[in-house]
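Before anything else, here's the structure in question.
Per-chain residue numbering starts at 1, and chain names A, B, C and D are given in the order in which the chains are listed.
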Amino acid sequence: MRHLKLLTAGESHGPGLTAILEGLPMGLKVKTGKINEQLARRQEGYGRGGRMKIESDSVQITGGLRLGVTLGSPLSLWVVNRDHDNWTRSMSPEPVRGSNPRPVTQPRPGHADLPGYQKTGTEDIRNILERASARETAARVAAGGVCRLLLAELGIGIFSHVLSIGGVKARPDYSDLTALAAAAGQNDLHVADEAACKRMKRTIKSVWGDGDTLGGIAEVIVEGLPAGLGHYAHWDRRLDSRLGGSVLSIPAVKGVEVGPAFENAHMRGSRVMDEIILDKAAAKKGNSRFKRNTNRAGGLEGGMTNGQPLIVRGAMKPIATLSSPLASVDIKTGQTVKACKERSDCTAVAAMGVIMESMIALVLTDTILEEFRSETMKDLKSAWRAYKRQVNRR
Amino acid sequence: MRHLKLLTAGESHGPGLTAILEGLPMGLKVKTGKINEQLARRQEGYGRGGRMKIESDSVQITGGLRLGVTLGSPLSLWVVNRDHDNWTRSMSPEPVRGSNPRPVTQPRPGHADLPGYQKTGTEDIRNILERASARETAARVAAGGVCRLLLAELGIGIFSHVLSIGGVKARPDYSDLTALAAAAGQNDLHVADEAACKRMKRTIKSVWGDGDTLGGIAEVIVEGLPAGLGHYAHWDRRLDSRLGGSVLSIPAVKGVEVGPAFENAHMRGSRVMDEIILDKAAAKKGNSRFKRNTNRAGGLEGGMTNGQPLIVRGAMKPIATLSSPLASVDIKTGQTVKACKERSDCTAVAAMGVIMESMIALVLTDTILEEFRSETMKDLKSAWRAYKRQVNRR
Amino acid sequence: MRHLKLLTAGESHGPGLTAILEGLPMGLKVKTGKINEQLARRQEGYGRGGRMKIESDSVQITGGLRLGVTLGSPLSLWVVNRDHDNWTRSMSPEPVRGSNPRPVTQPRPGHADLPGYQKTGTEDIRNILERASARETAARVAAGGVCRLLLAELGIGIFSHVLSIGGVKARPDYSDLTALAAAAGQNDLHVADEAACKRMKRTIKSVWGDGDTLGGIAEVIVEGLPAGLGHYAHWDRRLDSRLGGSVLSIPAVKGVEVGPAFENAHMRGSRVMDEIILDKAAAKKGNSRFKRNTNRAGGLEGGMTNGQPLIVRGAMKPIATLSSPLASVDIKTGQTVKACKERSDCTAVAAMGVIMESMIALVLTDTILEEFRSETMKDLKSAWRAYKRQVNRR
Amino acid sequence: MRHLKLLTAGESHGPGLTAILEGLPMGLKVKTGKINEQLARRQEGYGRGGRMKIESDSVQITGGLRLGVTLGSPLSLWVVNRDHDNWTRSMSPEPVRGSNPRPVTQPRPGHADLPGYQKTGTEDIRNILERASARETAARVAAGGVCRLLLAELGIGIFSHVLSIGGVKARPDYSDLTALAAAAGQNDLHVADEAACKRMKRTIKSVWGDGDTLGGIAEVIVEGLPAGLGHYAHWDRRLDSRLGGSVLSIPAVKGVEVGPAFENAHMRGSRVMDEIILDKAAAKKGNSRFKRNTNRAGGLEGGMTNGQPLIVRGAMKPIATLSSPLASVDIKTGQTVKACKERSDCTAVAAMGVIMESMIALVLTDTILEEFRSETMKDLKSAWRAYKRQVNRR
């Protein structure tokens, strides 16, 4: 990120997660309840394992907020790990008396376990897996939750929905994005196609029974972005790169596309480009005279928003911790073994969508704070309104 | 990037392109001929337009190199735009006498033209398109060419091949990557499947005749990477993110995946994870005792290399400048028009593969220089060898 | 910083201070008691006000540490503000019932109060001063305390001593730096000249009685640095810049010099340069054959360490909060008033020295982690020893 | 820097210097003649050696500028080294036939020579000194020259004057800064005290005759900055740090202070703080109602500008290359020798002042572009005017 700075800390079974978000304006109202809603969305979904039942995340803000309003100073967020109570000895930050906890030595394929061991030579793979765990993303959802509030004040809305799980595909209706968002909110898999949702649950149930896992594809849609955010003039300022890179930083996400990019790659240019249409009616009402009837670009052209909804899809591999574990090799004994188990989920595509929303909210907020005067929310809103008027006049 | 810094400058029809690459070790031998080979690879391919015939790029190094060896100081690279001779008046950096050049006012769908205008209000879209042009990537290929030389000294090889153009798919043989690379080098489309290559050319010819354009998918493969490069401990240090973000910074690339990520998303975990196999024979020879029989992870686990070939695919949309232009709106007159034309290609997927190689070479070099002592190439090679031995013993 | 990332958060009277330090190696033993010693040193010193009596800082590590050893993941540090108990209503992060706390409207000259108000238009200067307060530096001392432990494992020691307070100058004996450090440790003003220390206390007492304040100069000395850390090849990599910039980031520090730079500026080159002497005896013992008999460069040449002790001085202005307040203007009423009072100190030069040590420890750790392989402390120590041998052979 | 990115490249006797400055707005008029004026100012001054007579620097802009106006894309600047003609063999970027040039093996005290050798083990110290040379600052002056033009459009003026050379101190009259600037412009040492200037020249002449060198102190003054630029909320955003760090990145500058910081450190708070005065007359005219009668803070409070002139001083050590060389040790033979000579100056304090101006112009531009909307100069000027009005109303 260029203006905002985000650091997160905390292990999966340590005392909790900390995030510091530096660079916010003064004057943003932050209701922690609103952030907790996002944390709850991240935890839900058919196919989630036991931990989700143990704990319900909530955030505490310890810096940067006064009387519910940001100060413009760094915001510090704390999400306690309720599960830590079961791990006080093994995951104590401070030394403990007695012998060391039993080390994890049987790396799981698909995880950081083996390359992390090979990188560091640690004798206990827990020293790797505790931080490589997707638990860390709760801190990002908390920080992203703050950004969502900021974006909301600018009229920008973000939601996600699940396009496929385990090969079962949804066929959502894109003709009305508000309805699409509502439909996705009506089930715990965030699928905007009720029939597909049911089929997905059946598939999950069956695969779960086999001790196996599933991945899938989720799509984030952002509405309310004016044209011209982001930049074309330098490679590291293009929004495709910044957004895509942020989505690929989510554990288990290995593919990303802006709009239907892999499909577009097989088509002719005349079918892919979103033609520029004159919209006299809109112009008369003071809105932009430029219109598109299609959105195959996913809302980005030349590394910038083009005024259409932003559409980003992420491909998540199946959860790498299987309850019927795969073949592995013990790093200590050198014997062929089954990989270790950590309590885990069968699938978490809906959660991945929520985390994608959070990363995208962070990157968009970063871009907006970078491009507009943003000492205070008042400054920002005033600059934002002026820009939107400007764009509409052009 | 975290250790290396890369800035590029220069417009498509300006005097030339400049790149500065800061952070290289002292002592790397740089043959400019080797960089020119990469620049030539970027220019080739059936389906390229007239400009490729006008000019054959070559690089001049003006700083950071002495007697053919890097000094450890910033490297400055200059690639002249031979086409500038035809644009001396319109694209002069200095003011010119007489009236201004005729402005471009008819934005092309799919380009930076319209959002760039909406962002800045410029009266001449040439002020946007000259820098948003893919010409800029020649500077990246030059800088990436230097990184390739460094990687080669560490035993790391990079190549790319084209998987599909305009919906025509290649079926390359992955059983021998050396042979695959060689096959891809034998035609100007970089397709490691001769029959598919011919079909692609037929398709290109036909579409070109229609004044239309095509996109496609290219894949970069990197061999020689030991396990453990990159990091799992913080979101912005994961290699998936850094590599994917860099690929998405290439104009017209809108999708990226590490390994067959979109396919993996539809499968069960037990079919996707690359099981960890004990390789006693390798261990006896002093190589790593851990083996994988599959590589669905594309060489990355937990944001780190896992010792397998790195595999990254990029999806390129069709070229956005059509010789049978699409509908647009003139920004000055407000009339419905056809989009302007700039001299352009019908398709450039092979070139995109070369640019992907360059970006990936830059990111991998960045990661290696960050992680290993690299004041001099001697330092780096010694640290590299020691690490490879260490990994093999683990 | 280039490799390490440090964010801090927390207001002066908020719940506490948070720091996240990203980029540490795995395997560093961290005793929180050692960090608390530094926090205590930051709080001591004749001339400190009431708050220092209320609270004795201690750190809690909530992430990045397991069983007393770093994991290589981001370290999160928490220092509770004990004084917050007296401010739960006015400084609550969450909204409170009832009317808002009474705003601060009378800016103190020399503080962020007035420019912060002018920047943001806030109606309550407390929204500025809570974060602009030097309380924030406790978080830096905690983070720097971790770095000191790392540096100590490499044989690098850091201390500071006070050169002057309120115009009273110490004349410490530099012939034995160990003795100098010990002498500075024997009084709470950290002055390595007992007689001067007494005179300083008398001056402080008298000025304090007048409701006035004092500044002074402290000097940090770092021993154990081999030649060649830092870089000459790019402006933002020079250690003078990185160290000096970090010292100037401390509130109230407005001047910095490496060695006696302002004095050197008045002398001839032949008197300032530290001549390079052949030290045959050292060479025989396997130490560096190059020696200097003087250290007017303060240990840095060409932006790099030169093997001599590093010497950095900071000039602190008097504390800006006076108990006999200065003239001001009420931002609400527009009337001429006396500036507001916050509980404050008469002088805090010894504390400033400790904070300087912390910032310098952070920058040096950053430089070392950037330049040497540092996945684990074992890697780092091994690379460090190899480099020291190399330097001695050159 | 946070918004702007600056890389420079090029060796002292290589083909030339390159700079890329990324992040400028579209629409800034750049006259290269204006930049050349600054390059000329950097080269002048009694006490400069032969090279200044050989060459007169001029800049060529090869990217980011069209018809004399910035495009908002990265600006590339090229300053040819006319002296390279005398070094084509020894400093050729490409390999040359025949034997290698004779290596430099006798390090100069006070330079990067010895620590650079110790860091890298190079056999030819020229591989270090060519980039460590102050020649590189010409690229910064060129880039800073562009920033000065931008600042000028916002009503911000920068100048420097020399306060002392070789112990001879100027006593300039600060009552009228315009007159001070004019006086400093009337001699080639940039001393705003004609009598002191003459004494300095006599001193230089005498010391030069001895084969010795001198340093000194220069002061940069910036007028036209409104209150509230910079930030108090995070350590790395404070302007004292950013400005001071940038000044300390200039070769040979080892000390820096904002206002008379070292003097302030010896005084009482009541004498140092600039009291806040109600200025009813100014308020009536629409200017700020807050006034200061003193400026001991040097224009910065709480890491922000406070509306007063910004005053930054740098302390330069004497030039480290003496024509009567100091003692050294040959790195190859291990013999005690005299240090090598490179053609050099006796003193260059006036030039250092110009380079300080450039670095400060870069940092201030960076801060302003970061804080205000700055896609185009029109955007920036409009946001700037609005902010100045706002500050005046507060």
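By definition in this document, a contact is a pair of C-beta atoms (placed from the backbone, for glycine too) under 8 Å apart; a residue touches a chain by one contact, two chains touch by 3 or more.
Source: prediction; values computed, not measured.
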{"item": "Pair sharing more residue contacts (C-beta pairs) when A-B is set against B-D", "value": "A-B"}
{"item": "Type of chain C:chain D copy interface by residue overlap (half), same or different", "value": "same"}
{"item": "Rounded Å distance, chain A centre to chain D centre (Cα mean)", "value": "44"}
{"item": "Mean-CA-position distance for chain B and chain A (Å)", "value": "26"}
{"item": "Distance between chain centroids, defined by C-alpha means - chain B, chain D (Å)", "value": "37"}
{"item": "Multi-partner residues of chain B (at least 2 other chains)", "value": "7-8, 22, 71-74, 119-121, 131, 228, 233-234, 375"}
{"item": "Contact footprint of chain B on chain C as seen in their complex", "value": "2-3, 22, 71-74, 228, 233-234, 370-373, 375, 383, 387"}
{"item": "Of chain D, residues touching chain B in the complex", "value": "5, 7-11, 14-18, 20, 22, 26, 32, 61-68, 71-76, 78, 91-96, 100-101, 119-122, 126-127, 130-131, 375-376, 378"}
{"item": "For the chain C and chain D complex, residues of the former touching the latter", "value": "6-8, 107-121, 128, 131-132, 136, 140, 164, 166-167, 207, 210, 212-217, 226-229, 232-236, 238, 240-246, 248-251, 253-259, 261-262, 264-270, 272-278, 288-290, 292, 297-298, 300-307, 315-320, 322, 324, 326-329, 331, 334-336, 339, 390-391, 394"}
